[in-house]
Amino acid sequence: MQQPKDLLSAEHLTKIFDIRQGFSSKAFHAVDDANFQLVTGKPEIFSIAGESGSGKSTLAKMILGMELPSLGQLTYKGKPIANLSKKEKRSWFYSEVQPVFQDPFAAFSPLKRIDHYLFETVANYKVVRRSEADKYINGVLEEVGLSIAEVKGRYPNELSGGQAQRVAIARALITKPSLIVADEPVSMLDASLRMSIVNMFRKLKEENGVTIIYITHDLATAYYSADRIAVMLRGWIVEMGPVEKVLGNPMHPYTQNLKDSIPQADPDKVWDKTTNLAEMEADEYTRKGCRFAGRCPAVMDKCKTQEPPSFQHDGRAVKCFLYEDAVA
Amino acid sequence: MKLLRTFILPRIVQYLIVIFVGITLTFLIPRLSPINPVDNALGRLTAFQTMSPEATVALRESLMDLYGLNGNLLQQYFSFWKRVVAFDLGPSFTVFPTPVTKLIGSSIGWTIGLLSLSIVIAWILGLILGTLAGFFPNSWWARTMENSLIVVYPIPYYIVAFVLLMLLTYYLPIFPLVGGSKGAPGFTWSYLSSLVYYGFLPALSLIIGGVAFRFIISKALTSTERSSDYVRFAEMAALPKHKILFSYLIRNTLLPQVTDLGLSLGLIFEGALITEAVYGYPGIGSLLLSAINSADYNVIMGITLLSIFGIATASLLVDLSYPLIDPRVRYS
Amino acid sequence: MHKKLLAFLAVSILTALVWAQPSGLPVDVPREELFVADQIYRYSNPGDYNLWMGGQTPHRHALMMETLWYRDQETGERLMGAAVSDPEYNDDFTTMTVHLRDNLLWSDGVPFSADDLVYTVQKINDTDGLTGSGGWKAQLNQYMDSVEKIDDTTVVFNLKESNPRFHSLFETRWNGVYMMPKHVIENIDDLATNILENPVVLGAYKPIQFDPTGYWELYERRDDWENTPAGIITGNPGPKYVMTIFYGDSAKKAIAMSRGELDVYFDADYEAFQTTLDTTPTARSWYTEFPWAYPNEVSTRQLVFNQESADGLYANKDVRWALALAINIVELQTDYIGGVAKVTPMPVPPTASLTKLYLDPMEDWLQGLQIDLGNGEMYTPYDPTIPEQIASWAEGQGYTVPGEPRDVFGTGWWKYDPEAAEKLLVNNGFSRGGDGKWLKPDGTAWKIQIISPPDENDAFRMANAAADMWSEFGIDVDLQGPERSVVDQNRWVGQFEVSTPWYSFVQASGDSWPESRGWHPQYYIPNGEDFRSKGGTNEARINDPKIGEFIDAMASVDPSSPENIQITQDFLKYFTEEMYFITTISFKKFVTWDERYWTGFPTSENPDYMPLYWFHGGKFAFQSLKPAQ
Amino acid sequence: MQGDAIVEAKDLKAYYITKAYGVERTVKAVDDISVSIKAGEVYGLAGESGCGKSTLLKVLLGDFQPPLTVVEGSVAYDFEGQTKDATKLSEQDKRDIRWNKVSYIPQGSMHVLNPVRRIQDTFHDFITTHKGTSKSQSYDMTRKYLRDLGLPEKVMRSYPHQLSGGMRQRVTIALATILWPKLIFADEPTTALDVVVQRGVIQLLKDIQQKEGSTVVLITHDLGVHANLADRIGVLYAGKLVEEAPTRTILKSPKHPYTQFLINSLPTFEERSAREGIPGRPPALDHPPSGCRFHPRCPMAIAKCSSIEPKMLELSPGHRAACHLLEEPNHAAA
Amino acid sequence: MKTVLGLFRYSPSFRLGAIILFLVLVLLILSFFSPYPPDKRRVVPRNEPPSLEYVMGTNSQGQDVFWMLTFAVRNSLLVAGLAVLIGRGIGVFLGLISGYLGGTWDRVLSAIVDSFIVIPRLPLLILIAAMVRGQMTIIGLGILLGLLDWAFPSKRYRSQILSLKERDFTQTAIFSGMRTFKIVSQEHLPFIIPFLLADIVSGFLFAIGMEVTLAIFGLADMNSQTIGTMIYWGNYYQALLTNKVWVLAAPIGASIIVVVGFYLVSVGLTTYLDPRTRLARLQVKG
């Protein structure tokens, strides 16, 4: 059997929502014409970054099969995710693709002991025999720096946020998935704990060969851990490429703005200039032309009327007219 | 107008379906009853009168004809719809040929007056008391009030009404026994004050139960709302308690309860049944009860129809007006 | 702060309102000129005085309407209404001549005359849709060929066939053909739809005010009350105003009377009546003391068997007799009824006049009656000492018996003899199971189903007694007490085994034919269909040609003739021997009045008229009232 | 610009004492902390969640109810010679002091503003409580203030849900500071905000502080925010103050092992070399570890760390830390 | 069991409610040891006020009010229990179908449910009861009441389920490979239960209230002892008018006690199962 080249492939992926407010209603593109590929056999951490409301969570939900795309194609190992039957999803897809959610406490029922999910996953996918479940789970937990003794019989609220998130990752690892979709996995955690989770992703990629889609608004951890990054703005992927390039030397004014806005724990790098804020998020979605035009320091006239296409430039794709004339 | 298509129209279609189902049910159920209105009328007419057998048969024939009960169920159903569309609910069987609309018309004012007033009073009182109790959960009066209302709440409504009746008309003969007013209707002090006097006990009994219910709900809502961030923030800013109570707590707990109020006003048409039976109040409930007992189909259907129409319309209006009442609501 | 003020204001306004209202009656009429009568139900057609049309007659017809004759239930005598003498028939009963009073006036001052009677009869005969007089119309059409005025006070009815009872259409038990004011009605386009507000009346009272919600009506005595039949007969003006008012159930009536807001009520259950006596010292019923209630309504209570139910189990005369002998009438009459109704073994109420006509002459026959317990064992079931037994119970309770036991408590009844009952049943193949309960001849458990409407106190308590006694006797009883309309419905189609209707086989006049006629086998309808389909009254589904023979014999004779009485007695003997009904007690009514404001209401000491004031003939009770001071 | 202490906590112990479901528990959320905050400075409090920083803030603000109880110590406000103990404020004191002199900026939550009240009315509620102004006066004040802060005027007529998260938080800050208080407590004002918005909020806070010379006590676990805003930083660990120094000093040369971990665990854009998070987890505060509370997680722990509680040492002027290693200069870390 | 003990220890309202319900249970069990059959009349002297011999007095039919009450409580709980079981059963079932199947199923069911909500129940109940009068047994009444009381619960369950479905842990469960049935029964039911309990109380309230109302209008099975028929017969024999208060006090008191008992237990259970207070119980966060 020939292995498909792409582990995950998005082509012109679009998700349209209706938003109603009072007596009026608008359609908006939460994800608009997204294109990217993750290659089989080459594990990487692919970061999707952007502000809240940039469409990154919608994208994650589509990859996990929780939302259906409105337009375009999204395939996993060559199969369109939207067409998977319920049974196919349970017997195959879910063992291949696993999620890690933002809030580890919300990801587990507060009324259930947390190990319940671990044993369920083992049992449902028949990973090992029942008698070996304890041992197997212990092994997985050790990979995330925990042991079964710390976890067994405990309710989620008896664990710290970091521990709970590790359990969530351990649960995702049980089926030995090829792809983990982690949606803001560290944003609820203290800064000091974030590194341990992010480090774990790096380890999992290298040692277990898992591809991880790391969705975050924290560019620092993305820079630290990811191989590639896609920066999203109001449904658009505005800049995508290797993380060293995109974040080391951001080209899109929005990426630049994002990077500048990160407060650094370094007294030598405090901000000197002020920034512009969007007043109404929803307005930017429906704006004509470039969606960043309203607060772009380098805005040009055509930005306000035309949607910029994606330009290949300096090893990345940039969706900005500034790079129109540059050679790919 | 996408909203019209995706929200308002479906809601109106649903409204029409509800009314159709309701009307059909009200048509069918009395007809499934073993009580035949003609026999009933005949029973009434011949109860005291010695009538010759031949005359009885003749009378029966003419009554069937008069009441429009000839023809099969389907034919009756169609002619029924024809009448409904023309707002003609037919004649009453017991007081033939008085039109049902006239009977309902002369009863409904009483019920609407009594019920709407007592529902609104109970709603306001319950809301205020419940909110206060939720705001001062540890005060002795809040606890006393809660405990006593929890005991009052489960008492079947009939009993509250009956005990009040005995207390205030028999042991302490303060209130009148029966009726809705005194003397001739008119805008005179004596007539208007008699309305209050005659309506006082029925209203009181309705209010007691209503307050208990509203109190329990308001208190629960307030307790939740009280620990919310914006109340905490206002308290931290040392805003006066009454300000927090009225502009913050009540304003916020109000919204779900306005829906309730709308729906319970819609329930007016049935809510009166027991009150009116106990107090001999001349409203729609008394009318319905006697109609059920005498199998007066047309009256039963008329009232049920009105009631379905009332509740359905009330809930439609509440739904449609929600975005106007609550600035936060979004439909999705 | 202003919130408290508002609350205070609201409370004080309310208090003021409550105290400003003199708790009391809804009309502003001096209490000493007003007689307040219990209206037996709430009118759903307030203000509609067209009684030829609507069905809601009580009180209204007594106060404002007149017909030709009244039959007083208490005395059994005929009272002259609009007529001045008895009806005159020709020899073959094909014409009836009526002589009218010449001194009656309508309330607008127009004299009443033969024209009005002729007009009334013809109008009813010709108008469709008069539901209130539909029964009269059907019978007039059936019997009457023509009606003609001879002179201003004489009218002749020509009949289609011989009919000695045609006058009963104009003789009131409940009501009779109401006279129409020709000069008013002939100007009305459609009598079937007109509600006749402010009616012109022939009775002594005129409606002047009504509650738009139907709870009460106010009547004013006519100034020319001496030109009305009741005024002429009683010679007494009666109260200036009469109000009828509906308070609701017994409890409310008792409360109203204790508050001085009700002068007479129709009937109450025993408990409410006792409360009235306790709370209202001036209140009384027919007797001032035990047994209080008015016992002489012409109707009796019975347990009626559906002969075609339970595979014809109750078509067996022996079974019916056994069940009768399993009833302890003394206990029924005392424990359940409170000792206040009269006992009778036949569907003949033991009023003074009917006792004289039937119960006294038949006493010997009753005492000698024998039934076969099986194997030729003859048994005398009648116990003439029942009234004495009840009287000694009453004395044991500390009551004084006001008169002879037989006058107060009625006649003798069947012995309470479970052993005899047992013999009858065993002889018919019944047996007792291991638990002592009766099994039917087919060996299955015997369960009797009784239906009785709880709102009819006497009936329901009698049913309770039967249920208790029969279950003590070893039969399972399922007593059902649904709403009256359901009871009726079940009775009509025969969905019962035992029911508790009211019947009397004789009228106050002593005539039986009008009442027993519906039991003629020609009107018999089998179980499952409405027994009234042919107009009959035979809910027991008795299909007995012998009954037909008795009834046919009555039909051809003058109702007041001794012959008629003889046939009726024979009929009653046959019916009793067959035990078609277990008749227990006569109707009693706790018609209760308060002498605080008015006296003169008929009583046992003053039994000139019946106190059933909601009947058409109740007008004489109203008219007899005098102020208490 | 910086002067005398405007608020000073001495030997403050604040415990949650609960008796839930029959079990009595004492959570020592603030255990013997002394801080002195000078007028006009921005004082940052840093630490992981559950270290007691929010509790400390509540006590400093004088806004706490049972089960939180101040067991020992005092919090002294000093407003131009007028002193008050924040732990013993009467209702009247609160009305006088709050918003006029002391204010509070809550975490950037969805629900801090009354959802069914227009922004301008909420402003009026807060202003009139302390100033007794009429509605139009309040509106004028609000309008002017929003203009000063560069916020669009149209938010006044909006309902909270119509504003974006960032705008809502900026409006909340405006609401907290409309009466120009001398002392502002800010509890994680930027958590849950996007970076770009966060930046705007921090700028706004800075503007306000600079315009009026207010004192700001800022709580956040994000040292990056502290670096941009605070003049001094105090680091809390498990209910204890472990290190305190001017911002530059503490970020450049942290002395306590915990502070060092905290700073070193942050990724930067300079290098992508592996960084480690702090091992282990913060202790539960009802049974804190003996001795130095950090010792179970401290790789440099020595014997006495587990038994003897380290004392606060003044390492240089304004730089204090509590660690046994610092008692002997040759063991000093980093 | 541990939970029940824990509840009993820590929740005063549960404790009180449980004691009340235990007493009710005792009453109910006592009915099986009654010295007289429930429908037997004239077994004791009539109209006796409460005394040592007749703890709650006797009524006008010669029945011992106390023993009557044991039967009445048993039968009323049977009626109400049946009604609640059927009503909530239908409600949960339709709510689950609507919530989980969604789409057309949801739209059709919601339309049906909304129609039923609008149809006035009391007149309908009276009408139906009037139709089947005579044949109405307590079982039948229970079923009838149940068939009328499912629309509101179903609507509420549906919205609960829709919101539970949106929560992250449902996704965790899905990705843990659990089937829908398992998710419903293991993950969602624990959240529905406190809600269900509170709802059951209101169901009892409705059923007992309706039973009493119907009985008072003479539409129930008048031969069975229920709280409603006890009140009916008490009224029939004018207990209040003739100052035989005990005859009515017993059933009225019983109806209050039963419902208050359920109410208190449900309050206790709800706070106990509420994740927020549970959190507070397990650890007080600093």
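Letters are used for the chains, namely A, B, C, D and E, taken in the order the chains are written, and counting of residues starts over at 1 for each.
Following the convention adopted for this analysis, a residue touches a chain if its C-beta (ideal position, glycine included) is under 8 Å from a C-beta of that chain, and two chains touch if they have at least 3 such contacts.
Not measured: the values here are computed from a predicted model.
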Legend entry - Graph separation of chain C and chain D (steps between touching chains): 2
Legend entry - Which of B-C and A-D has more C-beta pairs touching across its chains: B-C
Legend entry - Whole-Å gap separating chain A and chain B, where each centre is the average of the chain's CA atoms: 55
Legend entry - Centre-to-centre distance between chain E and chain A (centres being mean Cα positions), rounded to whole Å: 49
Legend entry - Between chain E and chain D, distance of the C-alpha-averaged centres to the nearest whole Å: 52
Inset, instruction - Scan chain E for residues touching two or more other chains and write them down. - result: 130, 217, 235, 240-241, 283
Inset, instruction - Can you tell me which residues of chain D touch two or more of the remaining chains? - result: 50
Inset, instruction - List, in ascending order, every residue of chain B touching at least 2 other chains. - result: 34-35, 170, 293
Legend entry - Of chain C, residues touching chain B in the complex: 14, 17-18, 20-21, 23-24, 26-28, 42, 44-45, 48, 54-56, 128-129, 131, 134-135, 137-139, 141-142, 168, 173-175, 192-193, 209, 211-216, 245-248, 252, 255-256, 258-259, 261, 483-486, 488-489, 492-493, 507, 514-515, 517-518, 523, 530, 532-536, 615
Inset, instruction - Would you mind writing out the residues of chain D in touch with chain B in their complex? - result: 61, 63, 91, 94-95, 98-99, 104, 106, 109-117, 121, 125-126, 129-130, 159, 161-162
Legend entry - Footprint of chain C on chain E - complex, ascending: 41-42, 60-61, 130, 133-134, 217-219, 222-223, 235-238, 240-242
Inset, instruction - Please give the residue numbers of chain C that touch chain E in the complex, ascending. - result: 250-251, 254-255, 269, 271-272, 274-275, 335, 451, 454, 464, 468, 478-483, 486, 490, 495
Legend entry - Contact set on chain A toward chain D in their complex: 51-52, 160-163, 190-199, 202, 217-221, 223-224, 244, 247-248, 257-267, 269-271, 274-275, 277-281
